[in-house]
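The same chain A turns up in both complexes below, where it pairs with chain B and then with chain C.
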Partner chain A sequence: MKTLRRLRPVWWVLGAAAVMGLSASSMAAPAVTSSADAPRGKVHRLTSTQYAAVIADLFGANINIGGRFEPDQRVDGLIAVGSGQVSVSSAGLDQYDSMARSIASQVLAPENRKAVMPCAPASDKSPDDACAAKFLAKTGAALFRRPLTEAELKAQVLAANAAGVTAGDFYAGLALSLSSLMVAPEFLFRVEEVEPDPAVPGGFRLNAMSKAQRLSFFLWNAVPDRELIVAAQKGELNTAKGLAKQVDRMLASPRLEEGVRAFFDDMLRLDGMDSVVKDATIFPKFDAQIATEAREQTLRTIMSVVLAPKGDYRDIFSTKKTFMTPKLASIYKVPFSNDVPIGAPDSWQPYEFAANDPRAGILMQTAFLTMNSHPGRTSATLRGKALREVMMCQIVPPPPANVEFKIVQDTSNPNYKTARARLTAHSQSPACAGCHKIIDPMGLALENFDGGGAYRTNENGAALDTTGELDRVKFTNGAELGKALHDNPAVSNCLVQRLSAYGLGQTPAKEQGEWVARLKESFAKDGHNIPALMRRLATSPEFYRAVGAAENTTSAH
Partner chain B sequence: MSTKLDRRMVLRGTLAGGVVSVGLPMLECFLNSNGTALAATGAALPVRFGSWFQHLGLNPGMWVPDKIGAGYQHNTQLKVLDEFRDRTNLFSGLKFSLDGRPHETHTSSVQIATTGIYGGGGPSLDSSIADVIGQRNRFRSLEVSLYGSRRSLSRRSATSINPAEPSPVALYTRIFGQEFQDPNAADFKPDPMVMARQSVLSPIADRRQDLEKKVSASDKRLLDEYFTGLREMEQKLAQSLEKPAPMPSCSVPGQVKEAKPGTVIDDVETNTIVFGKLLAYAMACDQTRVFNAEVGSQGLRHAGSTFTWHTATHEEATDEKLGYQKEVYAFVTGANKIFAAFLRSLDSMKEGPGSVLDRTIVLWQTDHGDARNHSLENVPLLTVGSAGGRFKTGMHLSLPGDPYARVSLTVQQAMGVPISTWGDRSNQTSKTITEMLA
Partner chain C sequence: MKAGNFPGKWAALAYAGLGITGLAFTAAPASALESRTYVMWWFAQAAYSQDGDCGPGGINPKMVDQFVPNLKRLGYTGQQIEEIMKSGGRGDDDDGGPGGWETQKLRQIMETRARVEGKPVNAFMHPAAVIDPMLKTVVGKYAYGFNLDGKGADDATAFEDPQTHEKGVDNQLFRALGCVEAYRGTLENDNTYWSFMWMSQKDVTPAWLITLEGEDLSKDGPVTISMTRALEPPRYNGGGDPRADMTFREDSDPRTRGNVFKGQIKNGVVTIAEDSAHLHLMQDQLTYPEFDLGKFHVRWTLNADGSLNGLIGGYQPIDQTYFAIGQSGQVREGTGLAPELPGIYHAMRRMADGEPDPKTGLRLSISATYHLKAVPAFMVPAKEMVEARARAVGGVTPTAGSR
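And then the complex of A and B:
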């Protein structure tokens, strides 16, 4: 609508120079076709973690990505969903371009090129189209998650040739061509194409190559490997048997861990650890390294639970087992026994809390505790809200706009020493009481852990009351809260909901509701086993069906 | 030819350039042909726009001056900006309207302030201005982050958001690194590798139609935004093959200090000064004409304190004797001080008869009239700088009940954005504030 309010286009008379600069789309009439409501392909911008994973996978972990990504956007709890609703801004493309050129020159630097080059050029000083074509075909297919078309390959070789002549250097020319692959939309966006679905008259499904791509990012957080691409090319992914064969192969691979990690990192919003800042005078131990290690600790804990044989997802809320580094051990105030050789690069050690230790599960780990706190103090409200939203997929409404905080005005007030005292006073106001009643009890159960993640028994000298109730299950402390969450069906249903949305790249549509409900039932039957759920998702035809996502017509103009 | 006539012609030139919007920057052509003649007055220098978003408002009752019109005196809270008073316009009485839609506190009003629209669907006004005045620059706009975040309020659309740069060192390299071309260098040699880069990008644009027909209409829009960016990159490469116009005040600054990320108010002030200076250099070298910064949203606080500014707005008691929230007052004044430090950085870069700041108009906006209860009435707004004489300054304009968008409309129009109205529903306005136009 905005464009309508702009002045009439008197500039038509200004001629070709002006018109050339305009995009074809801004001049074209809105497309009205007979199949306007037919579902069509989707694009997702590669998330920053996917980008990094792809580069490391293809070119080695020693490649420095350097630049900065456009911020990812989380929609319905997931970056994987938000990535389908963001584009690349011009400032962002500039960044991608400089990252791409830096990566390309590292990849083809003398010390690295051997690892990636399938051939050697006739001369380093001049173009060699045959050798360039070999490299570009192979690398291009991996970057685009599909083989390059003949025209695409030809254009890339031509570009390498022209740049190689200009630079008088084969590798410089090739690097420039490679960098252009990494700013191409086919790389920066996951493009999913659809085709008519023979099983559903009038319906659509992803085509084979797009299936391979969705599968591979879902299970491995990586581009499809050769075997998967070949299976797609042969049409095997369109048969139940062929699909199951690939899914089972991928589930059995150690690369599954990368996929499961990426999912939990997204679902638990662990990227938030990048921006957690603690007040150095209050929490002197907390620094960027602790933040990184805390994120890793939670992920390691989850992996050890959910990827164990018959691992039960719900145990992440109750497990006593975790992993420590020397720095983390100092936060937890536990001894760190280093039984690896001195100077060993991996300082992670398994650790098990004693049965009577107050800590259990990931909620009482540094990552969750610090991320859902203020820089200088805890927040029962933030923690409770995170549990409702992240773990139970519930929506907590924002506070009323004109809320008055008169009652909780003074934290040094001797009458309100603890968070519970302040929140209780605050919740006298009926406008606030409704929400705080559902948010606070779970958060207050974690008040034994301060904003820096350390254990405490009192606040401002007052003993802490950590009792509460969740859906009529009473708890008296954090560990019992973990148990209550463990047994709450909303928690396991939420996992199914999120994992489905994560794999699909969009929140399941209405018509997929029945399918998701069935998945929730089977998740319970499968002992809440994540790989089993991933298998059910990845082998079901619904996972690849294009649903008629409603076009957002209001934002069309 | 009087200078007044020249200025009008510049303005008209800008408007024409603005409507063309992508293809033909008329202003630039106009100025180039008159560049030498106007150099002595500084009128050949570019005009610039900056937006500064300072969340959480000012303290009610502490900022509206007694006097209306020219020659006003700053009320207590804005006294830290006294040195810029003659170059400032202060607006009181403006408001945001929700028209019955839910009030997402600290969000709805930010969207309305920056895009004119509840929900924030459209481009932010800096982006529309950059489309006019920033076309020919290496950087259409520069977004800086003063506290370490990557978010910015600058967007071409809800799905195409300009990332902010939290690192002065990275920004320095982007601007003054290898690809910087000194506009005053005696010899200019186009870089042959730039031509090579142009040639590798062109096949991508050729695939646009094929790619777009594979996806739904809404996803095609996402790709359109990508291709807009690609076209801008190609244009920039083409421009870098031409000798840049000389910029007499341009020099390359010494290496800058890295920012200290985080929300401690003193660190944010230090970061702001570093970024301000860097932007001043970048603008003096005409690398960009548009910038964005925001302050206050991510929980600004004092070192060692558990309370953030935002928390304080809601939880601090009003001091009975003083009649206001003491800690909030200190935060607001601190943020205003940061803004003053930023302006000083721009002003210290001398250019023509004045400074970089004089060739700029900085639009200071905020989200609430009273953050304590998220009021949308009497929301303060400031402009600083005259954009090279396009605006009259030194006034307090009282516009009770008028949409906040009036200032944004006026500023955009004066910068050449071809719009006659701005904003949606009750936030919409077509009333230019003629008092502030020179």
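And then the complex of A and C:
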């Protein structure tokens, strides 16, 4: 593959031209009708986790992606929605190109190529168009989430041939074509195409391949598998029975866990753990490994609740059961030992907090507590704001531009020893009082947990008052706050709102309001069971209907 | 697919978790006593080096300056010594490091400067067969430790502890080694040898665990002291400080167990309250493969931050003490970590003060004091690990243990 670098500029320019002309918010789906009233097909840039998942899915988990992704953007609480409003910058394209070339060279390296090649070339040192076509048709269909057109395939085979001749290496030529597929807009962007909806005169719906794509990313956070593509090609996804069959198959698959994890990782903003920094002199136990493990702990906890038989989503706020590692256990100050050979790496095991332990639910886990704190201290405001925004889908306005933070930031003031005392003093300002009245009570209920996630009973020697109220439900500590959230309809309604938006790739539109309202009712009737809700979403014609502009979060429920 | 029909791994794990937790509760000892476990994260010989404590002329010369006297004692002539030293001699390393050991000839002479029946043998394995270079020993007034034999309080040459001001303190290991540069230090600035040894071993040496048990450890009163060894080494935070609140599995090796002593707490200080305590623990191959202290004493402070630190002392077997230092021979002499190893052996022998051999009268052990630091930890006792492993579903009890 020695000449790949020499050949690269031509194809890089072609790819760049294609991708940079495209943004998720502006690209029109190529197959859409020419009617002026027709809605446009949606386009979403693959998120960094989706990109990684797709590569691992197609080529194996041993492929190192490397490089840096374009930053994801969260809109209405979800990267899944924001991915429909971002494009690729020139620097970003360069990164995608670097990653694509690196991935292609790894995939077609001697030690890996057997796993992906459907054929053997006549010679390793010269082009073999027939073999190249087989590989590119198969891999291209998986990357584009649809079969390559004849012209697309022909162009890729031609390119592989030319590069193979120049390099004197079949695989070097093939790698060039593979990398060019991975910087193509059809790979980097999930392009959804619409067609007239026979059930709704004048209406539009996703076409079968786009349905398959939406379904697969929703349920598995992955590209459609062969069975789903075949079902789409046969038109089975356009029948209720055929769609339900595929949905049930996918819900029963172990791959569902990846899809549900991806949703909660997005909804709970757990990607934020990547950038959590703590003052090591104050919280010496917190490090990058803890950040990674804390994120994983919360996701494992949620999975064990929502994917358990008859799992009730709301129990994530009250469960005593979780999963533990030795290092995390030291933050919780609980005994925990792996029964592993001496010197073996730490591993995960199920764990249940004791009945008299103050912790229950994900809000009292390290991830939520540390992510919603400052580097050197807690923040009842950040925690309360996160609960309002993330768990209840409410919008908390930003603080006034001229707000004075001095009192809340000074933890050494002997007159204000606790966060409650500082916030009370701070909220004397009428400009601040309104928001803090809504935000702080829930955050203050978690003051028993410091900014590093450890339990405490006092701050600066002063006892902590963790009482509060949420929608006229009183609580005295974090566990009771969890119970209040568990029982609050806004929390379960928010979940429906977020999961719908996640699947649709946009916040439900105004005309979808009734449908979402019905989903909320069904969610309660189904025992707040997530897979049941996913099934209702995925088997609903509304889920695939092309609609106009989305409502924003607050007005949609 | 029907809602709730997800008989996958999460269902199985949920059941496994329930089984394990249930076991944990039954495994936890029902006791009204307060129990605290600590993991030792720092260990070093307790030194109290002060200016002038080695008398006129200061401390012992560095290894590089011991070559010529050693050669003279071996009977080399002045001319021979000059030739040997000219071919190697003092190198770039002032400690007598690699530069001073450049010639194979000098190295071989130093390695085999012991004589058995007139033949050269390894000096580090046969230190008694090397002529005693009479290293200087500490003549200062102070040393950390304990009056192990109850004698010497009126002896003007006996040590006094700088913290407690107890007189007649027995710490002859400090006296023997305290004028060798690598062994000089204080509790605040541990000496080079022990700092190097601990830093190089701390991540792999199975941790020592200390458990205190009493009615109320915040008050004065009797306490049971247990010391044992874990399967795992201590853990450290990213900044290098010890990681508190980790859980350790007790080693079931019988050689590490049985160290249970009567003690007491007074004003937040833990001491041994029995006269014939004997500590025996396994440590590691490079510091002490086995560690013994007869007439075992402790003086540990229970700190407000939950940590424990202080001293342990007693009589340590001479051979155990020397060979822990001497086993790497040339490496430690060459790097300055233990210059003049046979001299160190002889100094220990001269200063030995414990366990007289009934036949020869030779003292077989030497009083010693060590400094340790520990942070709170959890321990899963070996017995509970075995029981839990036999009964747990899919793993071992995650919550059993003491604190």
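Quick note on the criterion: the second predicted complex is superposed on the first by the 498 of 557 C-alpha atoms of A that agree within 3 Å, B and C clash if a C-alpha of one lies under 4 Å from a C-alpha of the other, contacts with A are read in each partner's own complex, and residues count from 1 in each chain.
Following the convention adopted for this analysis, a residue touches a chain if its C-beta (ideal position, glycine included) is under 8 Å from a C-beta of that chain, and two chains touch if they have at least 3 such contacts.
Please read all numbers here as calculations on a predicted model, not as lab measurements.
Once the two complexes are laid over each other on the shared chain, residue contacts for A:280 go to chain B and to chain C alike.
Of the two partner chains, neither chain B nor chain C is touched by A:472. Set against each other, chain B and chain C touch different numbers of residues in chain A, with B touching more. Using the contact criterion defined above for the overlaid structures, shared-chain residue A:354 touches chain C, although it does not reach chain B. When both complexes are overlaid on chain A, the residue A:510 reaches neither chain B nor chain C. Judged by the touch definition given at the top, the superposed model places A:327 against chain C, while chain B stays out of reach. Contact with chain C, but none with chain B, is seen for A:337 once the two complexes are overlaid on the shared chain. Applying the stated touch rule to the two superposed structures, the overlap between the chain B and chain C interfaces on chain A comprises residues 280.
Those residues of chain B lying in contact with chain A across their complex are 16, 19-24, 103-105, 117, 121-122, 139-141, 143, 148-151, 155-163, 165, 170, 174, 192-193, 195-197, 199-201, 203-204, 206-207, 211, 214-233, 261-263, 299, 301, 303-308, 311, 314-317, 373-374, 418-422.
By the touch rule above, chain A contacts chain B in their complex via residues 2, 5-7, 9-11, 14, 17-23, 25, 31, 36, 39-43, 45, 68-71, 84-95, 97-98, 152, 155-156, 159, 162-163, 166-167, 172-173, 176-177, 179-180, 183-186, 188-189, 191, 193, 275, 277, 279-282, 374-377, 398-399, 401-406, 408-411, 549, 551-552, 554-556. Taken in their complex, chain A has these residues touching chain C: 247-248, 251-252, 254, 256-257, 280, 284-285, 287-288, 303-304, 307-311, 321, 324, 326-327, 329-331, 333-339, 342, 349-352, 354, 526-527, 529, 531-532, 535.
For chain C in complex with chain A, the residues that touch the partner chain are 1, 3-11, 13-14, 16-18, 20-21, 25, 231-232, 235, 237-239, 241, 243-249, 378-380, 385, 388-389, 392, 394-403.
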